[in-house]
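Each of the next two complexes has chain A plus one more chain, namely chain B in the first and chain C in the second.
Up next is the complex of A and B:
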């Protein structure tokens, strides 16, 4: 194995890991606040990518002469805002009514919601059942390191994703609003007694989580330059796995889990004796084994036993 | 049977139900199908608003054996009516096999509370086992069916360790990961035919070739009649099995484990033992159903055993009412037939499906026919 190829795989793993971590952060946030798994979160990623594409087309239609950096900013923020709004609607009309339902019902309901979103994009987005090209909005500068190609857009996406996660972590750990979110996560009733506006905090959490997912979708589009209606399903399961490997409710665990999963996939491609088509078999197999060893995640949940 | 009056009442109900179903299955164009759906919904609403439902329930409870016999007779009647219609017979067979598989999941989730998001994977394991054995060995088909069940139970037992150690969302994830793993594995494994899958030779049993048309007294009927009878037999056996378990001390122990593990353990019920039993029995049933389904289809490929199919199984269970055996059969019939009958909405069926189940979970989470509280003394008070 020559070193440049290895470096290439490392870069690839980092990009995937960042994407998975962004998705997993949402899962872990929602679980922390409401004790639910919102399985449609993967499809929020997909909706984010499609919203970004739509806003790009809108931009091109309204003012074709707009500078590219402005278009990029507009597309990112509009896409994230759109999905954040959608996430708030979901929490208000699907998640909140199911608060007292058994966990399985919520899980199934959100899976069905994910299917609705996927099918809606496939049927109602113009020619939605085929893969769509995603515009290259970032400059295509690149440098050679040995044999490995380091592209500017990869670095930019990686840094932007990292900043977003750090931003969310700072918001949650060091602001008044974050304190309210953590209070609700610890004990919703006690938080309400202390004057925390519970419905508002839930909406806010869903807005944040969904916006992060939308960014993951945009990142996916910019990285692969192609999006399709189906990308949310696998990303959803991977994001959920990452959140669970890390330990649900723990934001650092989600980041760890995302990178663990990405490097498992890369490892399955590079280092295992079987063909690379088995990389997902390998990755999910390791997830199952990890779950058997750490039943509540590597950085485990604060209260793992609730009798 | 308490008296003849009751019998005629039951027979009347069964007749009405199966006459309706026959008309529904026979309907060809969209308008008449829509009319029948409206008729059915209207009939149910009328029954509910006249308060006839509790009376019917009591009647069925008091004459359970007779009602079950009537249901079987009615189903045979439907098969007889459509004896030449391949497509309808195939739909019926699918309903029977799917119902049997969902009854297997019901034992796991409805009784012992073990979450299984990989139902379709075990269904597929059964099918692939049957295909491999029928292609490569001279194993008799009946043995192949059993082997399908045994293989899926054995492979399921690999999952047991992580499933038992984890709980709630964590064990849901384990089964989900397994479902995806198996799907990818089947797609890339050249030995199992990759995405094209495998073809199965026709089923021969007791000298009967299942692929030949059925000939009775010079009249030729569709070969699916044979498969339908085999599938119906499997469904009846599974149903009886699930019902016997529910009413035995095993069902009682499993219910206790599902409702409160700690309390069950305090009373000396081994939580681990009952979860293992339920999971293994369920997977066995699902595997046998999968083996029979693949024989009926006569080919098998990974696209029948995706994660969405596992979701379909769970949605059926939830729609029918978790733990309710008749609910499972009704919900399966509904979920299998409606999209097939409305070709016009074929394109939109997953959208409509999932939106429907979503609304169901939000507005009526107990399902269509919720499971009744356990009656400890036969015929006695609740």
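Up next is the complex of A and C:
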């Protein structure tokens, strides 16, 4: 096979991996802190993309002359803030009230919430059932390496996503609030006995996880230049699988899992004798095998590690 | 002198099961007050109520003259109460030092945290040697040190100690009681909740006996030692 084509696939794998890792981080944070799987998390990614698009349109309407870099920053931060706020509402009014109920109820409630979010965007966003073009906000500089095209926007998105994940990891491992998040993940009651404001930490965790998901949504829009109301469905399942194969509750596991999944897809496209349409079948198949080999995830310890 | 802690007619329940009924007690400041009771007497529930982890169904809790019943746990801790919980409950995936930091979670002054940590390390030199070790990988006795040190970190005015002897060897139990006695002598009010009657009464000044959710005996530690009700609470 052509080396430049391989490079192209590698770049694609990196981009997908970063996107999956961003989604998986949220799954793993929520599981760590509250022992719940929040199935609407994938749809938060989609809401992030649509919020970004809406803020872009708002920007264009209010001040069409705004410089592009400023629009990009505004769209990113506003989109992330919007979904962070939405995530806090979800945790306060859906997750927390179900805390004393069996975990299965939370699972079901968040699955239904995801459907509500998808359908709400489809119904209430103008012409929401059709794919929407997402603006190209990043410069279209590119460099040719042999036959492979290295695009500036890809690099920028990859670096931004990486910085975001590093930022979350630093926050959790090296700040007082991060220590409180870890304490709640390890023993919520003991953390409260130490004086940790538990409801606040839950809100904070949902704000962080949802903002990171929103960034994945923006990244998705900027990478494919098209978004649609059900993009969160597959991303959610992939993000969840990534978190599980990495070791649910472990941030580094979520990142590893995201990239493992992305490169399985790429491998399924490039190296398998069947059509690339089966890349997901191949990737999920390998995930099942991986789960059989590492029942608690690749990076988890004997008992499942939290955050 | 103002009481450190007063419980007035506290009742509590899990669902429909009454666990505490009409519990009243007072604690003198700067003393070790103990609560004795067998398994299932309601001791842990009482502590949950004190810390705000369980809302009492009725009654008042006064800490230094203010009613704290119904406050959130972090607000109650903020008033100057700390707890060394039953079963140690250290954070296993945190280092010893991080565990101690968690103890002083609400303390804003890094200067005071550092000073207090030095005190804890002076009390348990073993912890200083192992301060970078994950607490979950330590022995039971060392974890008990982490838990006690963590409880001392916020310099509480009232320290609740729940079953410090649980699951420890007799030697370690004696060590722990020696340390608790020293905490009390340093002027901290201590509420010691225990099953171990003899050693607990030896270091306490006043005691209460809880049986099936009610206070069945109270008195000076010396008098309680020979009290019939104490024996009944355990064996009757």
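Just so we're on the same page, the second predicted complex is superposed on the first by the 301 of 307 C-alpha atoms of A that agree within 3 Å, B and C clash if a C-alpha of one lies under 4 Å from a C-alpha of the other, contacts with A are read in each partner's own complex, and residues count from 1 in each chain.
Basically, contacts are C-beta pairs under 8 Å (C-beta built on N, C-alpha and C of every residue); 3 or more make two chains touch, one makes a residue touch a chain.
All figures in this text were calculated on a predicted structure; none of them were measured in a lab.
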Fit-or-clash call for chain B and chain C when the two complexes are aligned on chain A: fit
Comparison of chain B and chain C by chain A residues contacted: B
Partner chain(s) touched by A:113 [first = chain B, second = chain C, both, neither]: first
Which of chain B and chain C A:62 touches, first, second, both or neither: neither
Touched partner set for A:195, first chain B, second chain C, both or neither: second
Partner chain(s) touched by A:183 [first = chain B, second = chain C, both, neither]: second
Centroid geometry (CA): angle chain B/chain A/chain C, rounded to a multiple of 10 degrees: 90
Touching partner for A:241 - first (chain B), second (chain C), both, neither: first
Nearest Cα pair across chain B and chain C, whole Å: 17
Doubly contacted chain A residues - partners chain C and chain B: none
Chain A partner contacts - residues on chain B that touch it in the complex: 109, 115, 159, 161-162, 165-170, 172-174, 176-178, 180-181, 184-185, 187-188, 262, 307-308, 311, 314-315, 318, 347-348, 350-351, 353-355, 357-358, 361-362, 365
Contact set on chain A toward chain B in their complex: 31, 37, 94, 97-98, 101-105, 107-109, 111-113, 115-116, 119-120, 123, 233-234, 237, 240-241, 244, 248, 275, 277-278, 280-281, 284-285, 287-289, 291-292, 295-297, 307
Interfacial residue positions of chain C with respect to chain A in the complex: 51, 53, 72-74, 77-78, 83, 85, 89-94, 98, 101-103, 105-106, 150, 154
Touching residues (chain side chain A, partner chain C) in the complex: 176, 179-180, 182-183, 186-187, 189-198, 305-306
